[in-house]
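These notes concern the structure reproduced below.
We just call them A, B, C, D, E and F in the order they show up, numbering each chain from 1.
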Amino acid sequence: MAITMSPGKSVQIIVNATFENELIRVLDKVGVTGYTQIDARGNGYSGVQDGHSEGETNILFIVLVASELAEVLIESLIDYIKRGYPIVVYTNDVEVLTTNKYGKPTI
Amino acid sequence: MGLDSLLIPAVLFFALGAFAKFINSDLKFPEGMTKGIGIYLLMAIGLKGGVALSGADFSLAISSIIWGIILGFLLPIIGYALLRFRNKINSFDAAAISAHYGSVSAATFLTAVAFLEVSGVEYESYPIIMMVIMETPAIIIGLVLAALARKKLAVKSGDEVPKTEWSPLLKEAFTNGSVVVLIGALIIGTVATPEAMAKVTPFTSEIFMGVLCLFLLDMGMEAAKKANTLKKVGGVLIAFGVMMPIIGGTIGVIVGISFLGFSVGGAFLLAILSASASYIAVPPVMRYGVPEANSSYYLTLSLGITFPFNVVIGIPLFYQMATMYSAL
Amino acid sequence: MGLDSLLIPAVLFFALGAFAKFINSDLKFPEGMTKGIGIYLLMAIGLKGGVALSGADFSLAISSIIWGIILGFLLPIIGYALLRFRNKINSFDAAAISAHYGSVSAATFLTAVAFLEVSGVEYESYPIIMMVIMETPAIIIGLVLAALARKKLAVKSGDEVPKTEWSPLLKEAFTNGSVVVLIGALIIGTVATPEAMAKVTPFTSEIFMGVLCLFLLDMGMEAAKKANTLKKVGGVLIAFGVMMPIIGGTIGVIVGISFLGFSVGGAFLLAILSASASYIAVPPVMRYGVPEANSSYYLTLSLGITFPFNVVIGIPLFYQMATMYSAL
Amino acid sequence: MAITMSPGKSVQIIVNATFENELIRVLDKVGVTGYTQIDARGNGYSGVQDGHSEGETNILFIVLVASELAEVLIESLIDYIKRGYPIVVYTNDVEVLTTNKYGKPTI
Amino acid sequence: MAITMSPGKSVQIIVNATFENELIRVLDKVGVTGYTQIDARGNGYSGVQDGHSEGETNILFIVLVASELAEVLIESLIDYIKRGYPIVVYTNDVEVLTTNKYGKPTI
Amino acid sequence: MGLDSLLIPAVLFFALGAFAKFINSDLKFPEGMTKGIGIYLLMAIGLKGGVALSGADFSLAISSIIWGIILGFLLPIIGYALLRFRNKINSFDAAAISAHYGSVSAATFLTAVAFLEVSGVEYESYPIIMMVIMETPAIIIGLVLAALARKKLAVKSGDEVPKTEWSPLLKEAFTNGSVVVLIGALIIGTVATPEAMAKVTPFTSEIFMGVLCLFLLDMGMEAAKKANTLKKVGGVLIAFGVMMPIIGGTIGVIVGISFLGFSVGGAFLLAILSASASYIAVPPVMRYGVPEANSSYYLTLSLGITFPFNVVIGIPLFYQMATMYSAL
């Protein structure tokens, strides 16, 4: 087996924990094959989120996708931002190992 | 009696927690500890209520449930009207805040129970069912008021009216974790045999007060943290955070004694339920259901103002009120 | 008696947890809470067993240990044979799954103990040692079967046979955290003086049943979550998840009464040990030791099918079975 | 002290918690000087990892290394993937502050 | 609302948990508008940080900023490194969604 | 008696934890569990001390406080002098380490109390206040010594002397979470009415010993982990980790009996306080306040050497010492 790394995007999405399930529904809908969630705290325009209660906890989602899907994904979040949900999104270029035990594409 | 209530360990631990944050101590509960203790407290109070109810008067239980629903709808509407008076607070914030005041704070209720037990005052168990019942209507009212506000805003700005997806929101109002544990434990307490319950009692009853102290220690810290952000919420909201419990508590005393025929202890507990504001169950629902509202408003109000107000002033005040009203 | 067992608080809390997930409630234990409670339960049952054993019959204890080892090896082999019948399930999955069934579920065992205690039935303490003993052989068998499968596969595909590194794997079979706490507490319970143990009893015995209820509340939620993935595992595995505990339980009753001379209570407990499948200790070992297997199969089976089956049907069934068999 | 940032790679490795110790052995063997572990949950071809038990928890490793070492590290994981372990790897270019209290190279 | 992504830097700072409050003071001083904290474990020249106690826990800060601010921020950490605090910093280029519910710039 | 002390459950669980790590078991407490238990233990010991003090001799309480302050300053200075002898250990490490030895280990103290209770030996409650008091001076001394070292270093290298910001550092010395819970609970225990305290006792007293066992199980694991890094700290520091508790314990016995007039039990507890080194409260303060020091030195010393030394050897040794000295 040779190393094969494919270029793609890592999309990081920071949301309040109360929005976690909704975001998972969005990810499912746009068709990502996987995602990673990390509990986080933070500060920003919505004030300190110290993680003490669910409503004051952030979740950082990391979603590895091909560039085109990254755009679709971000596009699908705009509506939620308009409705008032605090959602911080940033992306960067990554190389993803495409070899996995399932023989299916990671991105 | 007034001052004595401040000397029960639960209240003293609340004060200790507040003091710890006041002096900026690094004291901090590990993540999840408060939530875990919270589940325990709900389970314990539910079981206790269930046992008591199994020997209770059925028609009075039904009346209590009906009054719980009425109060659950009535109190947030009063709160909303107060907040919207002269348009001081925008509709989304008013909707989200009033949902908190229609709902209840289990910690305040338990501190009140601790106060009665230490003072040796009898009380009915119906308020426990009412505590369960009052969670849901308040959430519904909050969501409905926000949906109306959303509609009005869209109409005004000429946008198309956004469709609120009710089913996930209502689901949350009825399947809220606190409600499920409380109502579930209540039923289990009613159904299980006395011999079986006896095996569970050392955990759910005997160590209860001590666990409550630990819980209030953390609540004190949280309340003090929120009190730090008081400036941000402004005078109108601070005034609301003190007035609303007085209104709610007074209504609770009247309903308890005149309409439900409770003893002083029971009416006092209903007053506490009506006076208290949720800070565990309702905030996440509002955060998700009314994203337009400013979450720091409702958290600061319910945890930073109304909770300490009730623990320190409300408990002796409403007890006095219930005593005097029942003597009329 | 059959239905009564469903009314003990522990089982009712299990049902409550399952119901909570069934209605999609957001109820959730904070991270680490279940694990913490699990350590407590193992410590408590270990100490209790240790105290009981210090006054027990030495030769019967030895026989119990030997039978524990025999069952620990025998049950997974039966399970593997069943699963591989007509080649329905691949060898890696079969190996990993059967290891779970050779091992035991402490929560099921404790629920069974709760059932006996509420019903006032006596039982021997030897099954507690057997619980400790049965963990290890099952893990070893699972790893060996997987290594054989790996060899066969390599031979078939003409690859070089991968060398299994046994030492870290066997280490896990023997130094598993649950085993260490259980066996350690067992020894401490035997060694410590009665006066010293008396100081520890309020924590390890009196509040035990209540803590178990809390634990089963979470187990109910987990079981219901796994039951959601039933479709994925398919009919063959679902059938296995029900048949295997019946086979195991029957063997347990026979061994308990005919070979070890236990009372109905003791034989019933051994039946529960044999019928139950691990879902705390074994899954991580298989995940690391048999990465080829599909982890959702064994988790769904042991937690989503066999655990609820045992709690709801197995407990009354095996108790009935033990009663009837002992009367023969 | 002046700021000196050196170009390097951040290698992110997502594994099941049961594989954590083994991955640490691999990292030691290839000779990385440090790594960071973060508890995570996730979803992918192996199904939902909700963090409830050890076997259903993911760990995200972040390993800052020079480019050459990144390749060696990834290479050394291929064998595990072949043996059936679910391992997701992705890398991106980073600038690492090389000034530290030990006067030793961070990457 | 259109998607508008702006180029910026993601600055990752790994510190001991006992330094968390001090770092927040630094972030406030240099004027970042937000940051995210994640509890982490790790290994490096200071030895294993297994997260068992506060002094053995790491915090990973993610700070999204414009490039210029990134430099100021890193510069302001040098003094602490000199004083003996173990601080690992690395940065990478990101695209940040600038649309948010507050209409204020995220970076 | 010497060996018997090793057979109390708390010590046995400590040994079990150490053994678990020794065989590389994967046993692990969930994050936050130890911290949570730690808060409980401080709360419980504080309340207990408070109740005892409310009936205590006021002037002896004051003397105890004064001696607590004296020991808190004296012990770290002795430690520092020893460590700096022949310049073996650099000033920053010496400052940070000695602060740990001036402070105390609540777990060691509680194990000593468990030892007395199981042995049926009476003891005064004054050492509990001294435990609270000794935390702060030690931290201050450590910070001052480090600041002096910093100054000297700057002068030597011709740099400008770095200004230590005292206020945040001193704040930590006085507002440390452990100190706040302990002193707060102490006051609550003194102030609350006996009826109110009775409701709290099942949680704070009855289950206390069992919880302590759980705590020591984890402490055993941590101690064994630290003992793994012994090679790194070197012979000089290892010798210090054994000598310093002997010196401290001896001073504690003398002060307890000759200066404070304590009974054997009380003097023994004071010896344990003096002999023990902090590993919860002081390490984070030193980590932040003395970043120049090597944190693995002080953690390995206090947790990996002195803690097990005190639990296994110190407890019987100082008890013997107190018995003999009081008989002189």
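Assorted remarks:
In the analysis below, contacts are C-beta pairs under 8 Å (C-beta built on N, C-alpha and C of every residue); 3 or more make two chains touch, one makes a residue touch a chain.
Bear in mind the structure is a predicted one, so any value in this text is a computation, not a measurement.
Relative to chain E, the chain whose mean Cα position lies farthest away is C. When you average the Cα atoms of each chain and compare centres, the chain farthest from chain A turns out to be F.
Interface comparison, D-E versus A-B: the higher count of C-beta contacts falls to D-E. At the interface between chain A and chain D, under half of the residue numbers involved are used by both copies, so each side presents largely different positions. Rounded to the nearest 5, the angle that brings the Cα atoms of chain A onto chain E is 120°. Annotation: 38 Å between the Cα-based centres of chain A and chain C. Spacing of chain C relative to chain F, judged by their CA centroids, is 41 angstrom. Counting only residues that touch two or more partner chains, chain C has 31-33, 35, 202, 206-207, 284, 291.
In chain D, the positions touching at least two other chains are 38-39, 84-86, 92-93, 101.
Looking at the complex, you find that chain C touches chain F at residues 31-33, 35-36, 39-40, 43, 47, 171-172, 174-177, 180-181, 184-185, 188, 191-193, 195-197, 199-204, 206-207, 284. Taken together, the chain A residues at the contact with chain E in this complex read 14, 38-45, 58, 60, 71, 74-75, 77-78, 81-82, 84-93. The touching residues of chain D, counted against chain E in their complex, run 1, 3, 5, 8, 10, 24, 33-39, 62, 64, 92-97, 99-102, 104, 106.
Across the complex, chain F is touched by residues 7-9, 12-13, 16, 19-20, 23-33, 114, 117-118, 202, 206-211, 213-214, 217 of chain B. The residues of chain C lying in touch with chain D in their complex are 31, 34-35, 162, 222, 225, 229, 279-280, 283-285, 287-288, 291-292, 295-296, 299.
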